[in-house]
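You will see two complexes here that share subunit A, one where it goes with subunit B and one where it goes with subunit C.
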Partner chain A sequence: MFGIVASIVDGVLIGSVYGLAAMGLTLIWGVMDVVNLTHGAAIVAGMFALYFLTSAAGLAPYAALAPILVGGFLVGMLLYWIAVHRMIGRPPLMSLLSTFSVNLVLIGLGTAAWGTVLFNVPVTLPGVSWHGYTFPGTHLLAAALTAAMAGLLYLFLYHTRLGKAVRAVADNREAAELAGIPTTRMLSLAFGLGVALASVAGMLIATLFPFTVLAGDAYQLKSFVVTVLGGLGNPAGALLGGIALGLIEGLAAPFMPVSWTLVIEFVLFIAVLIVFPGGIFALRRS
Partner chain B sequence: MKKLCLIAAATMIVVAPALAADENTLTIGMTLSQTGSLNVDSVAQQRGADMWRDEVNAAGGIKVGNQRYKVRFVTYDDQSQGGRVQQLYTRLILQDKAQFLFGPYSSGLAATAAVISEQYGKLMLVTGGAEPKIFELGNKYLFQAITSADHYLSGAVEALRSRNPHARVALVYSDDPFSKAVALATRDQARAAGFALVLDESYAPTTTDFSPIINKIITSKADALLGGGHYPDGATLARQLYDQKANLQWVTLLVAPGNEEFARLGPAALGITVPSQWEIQATYKPQFGPTAAEFAKAFEEKFKIAADYHSASGYTGGALLQHAIETAGSIETDKVAAALNAMDVTTFFGHIKFATDAKHHGLQIAHEMVLAQWQMKNGNLVREVVWPTAARTADILNRVQ
Partner chain C sequence: MRQDALKSGDVRAPMLRRPFFWIIAAVIAAFGLAPAVDNDVELRESLLLAAVYITLASNLNLMLGYTGYINFGSIVFFGLGGYICVFLMSAHDWPLAGAVLAAGAAVSLFALLFGLGILRLRGAYFALATIGINEAVKAFVSNFEPWGGSSGLYLPTEIFMPLGGPMQALWIIYFLMVGVMGLSLYLSYGIKTSKFGLGLMAIGQNEDAAAMLGVRTPLYKALAYSVSAFLPALAGGLYFFKGAFIQPVDAFDLGLSTEAMVIVMLGGQGTITGPTVGAYLYEELRGRLLTSETFSNFQLVISGALLLVIVLFLPGGLMGWIYGRWPRLKRVLE
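Moving on, here comes the complex of A and B:
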């Protein structure tokens, strides 16, 4: 029984970080109808940024969060102008191919620079032991920081003029433009935010697990599942979707081989697409 | 004019590889995983092979009768993917005119390459594929230089029994051909040793979050863990076992802890054991080629990193082929294969002999593994040989977190 509870708690802790990554993906989709396939590369960039900021610059692991958030945002804005801006308003396949190409280039450059060697950022935090099971401090703090990031995103989107402008563009770009909102700037801002969230998620994942240049694909895939669960374009839903996915993984693990987890995830993915095409948590679009 | 240029360019592309391989050059083809999940171990293996080639060429080449053949490698990046291996080995044989082949790293890729090499009647030495199944298919030109997967954990089982005859064992392994072959044999060996097998579970090779499995290990009250897979998953599992204080007295993981990179895990590496095809401290008396100490020194001077068993097996593959060619006095495939069939030698890597019966042709039957453990020595993490007792360089350390 304790094992099942421990597995569920662990699942929820990790799931929330997957939710943070998916928030970045879904924000971009919600605002500009672009499926950002540089998402995996952004996650990996966050991982490597943490590695180099801690090993080369000597920063404490969690002190790297702010520079990674800002750096991710700036790189995201740059990516928008390089790969996405000219694809806005064109068939979705164009932006899909464009971001996919950029992703390939980024991963190729990363592989050339660092190979596919495993990198590890040793982070030691006291954990919580409970009936023989240990919840590492890194897992607990990653979930707490995810909650904080989600809260900040909520405050930004709902309580700042800029955030309201981003939401206005997401709701109706033409009307927003007629109301005097600089929509192109809002689009680049949203893309920057999405990439920043993915980078921070990558950074948090790197405090939990070792990683390689190729690690992004698996997390990108998870982000898609979470995004579909939470509803496309719904950041709050993405966070809930991540937690739900973690919960399901944690609940399933004690009763079946863990290698079945992927099967469960994708059965769920298809089932949600059929039964709730708007996502389970898409009660209303934020 | 444009057409002429195109034809000339196309002709050069087709003819160039053949021109490059002159009469006194022996072309050996192989793929390596410069990218992808097998990158770390594959590159290590290739470094060993490269070192052998450079040494042979510096010494004037392979001696065949009165002639000497310089060795030329043709290599491609297989990206750790079987699909690429199939295309590239065909290219190596047909376009690059490789006379001999070295297998790619890992059992899965070696099995794919073996289909091609055998189809074209090319001799291939496998130095990084331990699964025995491909040697049960009646292949005539395939030879395995390393201990096969079914013996990988037998030393660990024996060593564990010497410490804890009633161990509760969790068998947790990657869902890939090599690790499954190891697990298949280990299951029986563990039961025969009198252990209770309290968890038997595989995981996807791409797994990054091992928390659910570690919780299962804790629930099963296992005191020993045997398993793992390759480098990325093995290193990740080791790190999380440490983070989640799995409280295991014994952990043996395949492959990953055999690599020097494993020390990057810091305290998470401490006490982990690994079945190793070879360790620097090995004291075999070679009939030809360098001693272990000579190999290790030259390797470190050349690559500025310590040699591991993958690099040693890569070097050995070359040394065995050279010995077979020189013994046969020919570079004809059948004659070299016959020399390999008759081979019964000791190198710095250990004793080498290939099965010659039709059911297991080419399978390695003489080479033995050792069990190494990461221990702390003078403030540094080092691998010590802890089993068998005759070869050990340090006592087994209790793994207590």
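Moving on, here comes the complex of A and C:
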């Protein structure tokens, strides 16, 4: 019995990190109605940034968070200008295709550079024991950092002028423009933030599991599942959706092989998409 | 481009008197004859791949080009068709024709039911659902023991005996594949010049307006989705019968979905000539890149960069550019 509870708790810890990744995806969708298909590449970029910052630059694993956050933000702004800016206001088909093609280029370059071998970032942290079950310290710290990042995003969006401007652009781009908000700059800022969140999530995932260049697709799909659970365009819902997904994974883990949880996730994804297109945790956005 | 069906003068002429009908026939004949004349096996293999690309791209175009809906998981039809066909042949000793047709019918039915399920979804939500369906089916098949799980299904070599041995069987498969390709082209053409096609293009231009004018948009979308599943499923059945082996990684390879999208955009979405020419060009380009030492590692990068350039600067693709320069060609080509 404790085994199942422990498995669920651990699932929730990991799920919150999926929620952090999905927050990046859903923020971009909410502000500019673009599904960012470079999301998976951003997650993988975070993983490899951690790998090289710790192995080559000799940084402590969690000290890499700040440079990855800033780097992800800058790369995200650049991606906005390359792939998204010309697509704003055009049919969704076009932005899906343009971000998809950038993703292909990035993953292709990564595969050419590092192949598809497994990478691993060794992180040693003491775990916490509870009734004979040990929760790894990395899982606990990843969940704690996720909570901190989510809190910072909330403070930014709701208690700074800049964040309010981003939300204004999300609500009504034309009205925001009329009120003197530089909307294009806000869009690129939001895209940068979304990519930064995805790469930090990737970095945290890399402290938990080994990864390859191609890992992005699987985590991108998880982000879709989470986003759809939480309602597209809703960062708070994304966090709840991530926790719900982790709960499902944790609940399923003791009873079936890992490969079947994928089937459950995707069936759930499609079922939710059909039955609740607005998301299960569709809280009010503003 | 989407208005072309309305503008071109010959839409109401009988099929046999339209020039484009004969252009398609000539393409099919060229595919059939070119390798057969001097028994050129190498050419046959390269054209077989081109025929697969044309089939996938033309059917993807029914969704992407006509209705403006992205189907990221179009490869699921190809893979499922392959699985059903190989399974019926290996486990139940069905003949090739029966297995392939049953695969096509089953996959179309599956697509119709699924399409009716996701008919309320629009735009990006639909695109996400199509990614989900590909992964769900792939994850399911990887765990489904009757279909061999992740290690897949094999066909014994005796399977080619009823077709007169492996050598002759490869030719028969090639001609059947060219037939499937031809049917895809006529299907695209038939739909484009029909009332159904008009409804699809109306959805592509403005879904709300189309619904207001009486197009039953959810049903039309589901039907288009289902129709676009049939011929890729046949192609999948033939393709994996030819290899006598199928496994989830090959059957549900999102890379092939990607290539089909690149081809449609390269040639020109919504046209029939575009995906055909695009498929041929892409196949040639790919052949050259794969043989080059430097470029074979960068195939994804090149596909991606090509797609990005088209989407950013040439959204009409090759045909859009050609129509822009020689508008009169619109009367002949579709």
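Basically, the second predicted complex is superposed on the first by the 281 of 286 C-alpha atoms of A that agree within 3 Å, B and C clash if a C-alpha of one lies under 4 Å from a C-alpha of the other, contacts with A are read in each partner's own complex, and residues count from 1 in each chain.
Basically, contacts are C-beta pairs under 8 Å (C-beta built on N, C-alpha and C of every residue); 3 or more make two chains touch, one makes a residue touch a chain.
Remember, it's a predicted structure, so these values are computed and weren't measured experimentally.
When both complexes are overlaid on chain A, the residue A:Thr134 reaches subunit B alone and has no touch with subunit C. Look at A:Pro182: by the touch rule set out above, it reaches neither subunit B nor subunit C. Using the contact criterion defined above for the overlaid structures, shared-chain residue A:Leu97 touches subunit C, although it does not reach subunit B. By the touch criterion stated above, A:Ala253 is placed in contact with subunit B alone, subunit C being left untouched.
In the superposed pair of complexes, A:Ile14 makes contact with subunit B only, with no contact to subunit C. When the two complexes are overlaid on their common chain A, residue A:Thr111 makes contact with subunit B and with subunit C alike. Touch criterion met: A:Gly3 reaches subunit B, while subunit C stays clear of it.
Looking at the shared chain after the overlay, A:Ile270 reaches subunit C, while subunit B stays out of its contact range.
When both complexes are overlaid on chain A, the residue A:Leu262 reaches subunit B and subunit C alike.
Shared contact residues of subunit A with subunit B and subunit C: 111, 257, 259, 262. Residues 2-3, 6-7, 10-11, 14, 111, 115-120, 122, 127, 129, 132-134, 136, 138-139, 205, 208-212, 214-215, 218, 249-250, 253-254, 257-259, 261-262 of subunit A touch subunit B in their complex. Residues 34-37, 39-40, 43, 80, 175, 201-204, 206-209, 211-213, 215-216, 218-219, 231-232, 235-236, 239-240, 243-245, 247, 261, 264-268 of subunit B are the ones touching subunit A in the complex. Partner subunit A is touched in their complex by these residues of subunit C: 64, 68-70, 72, 117-118, 120-121, 123-125, 127-129, 131-133, 135-136, 139-140, 142-143, 150, 254, 258, 261, 265, 297-308, 311-312, 315. The touching residues of subunit A, when paired with subunit C in their complex, are 29, 33, 35, 83, 86-87, 91-94, 96-98, 100-109, 111-112, 217, 221, 224-225, 228, 232, 257, 259-260, 262-263, 266-267, 269-270, 273-274, 277.
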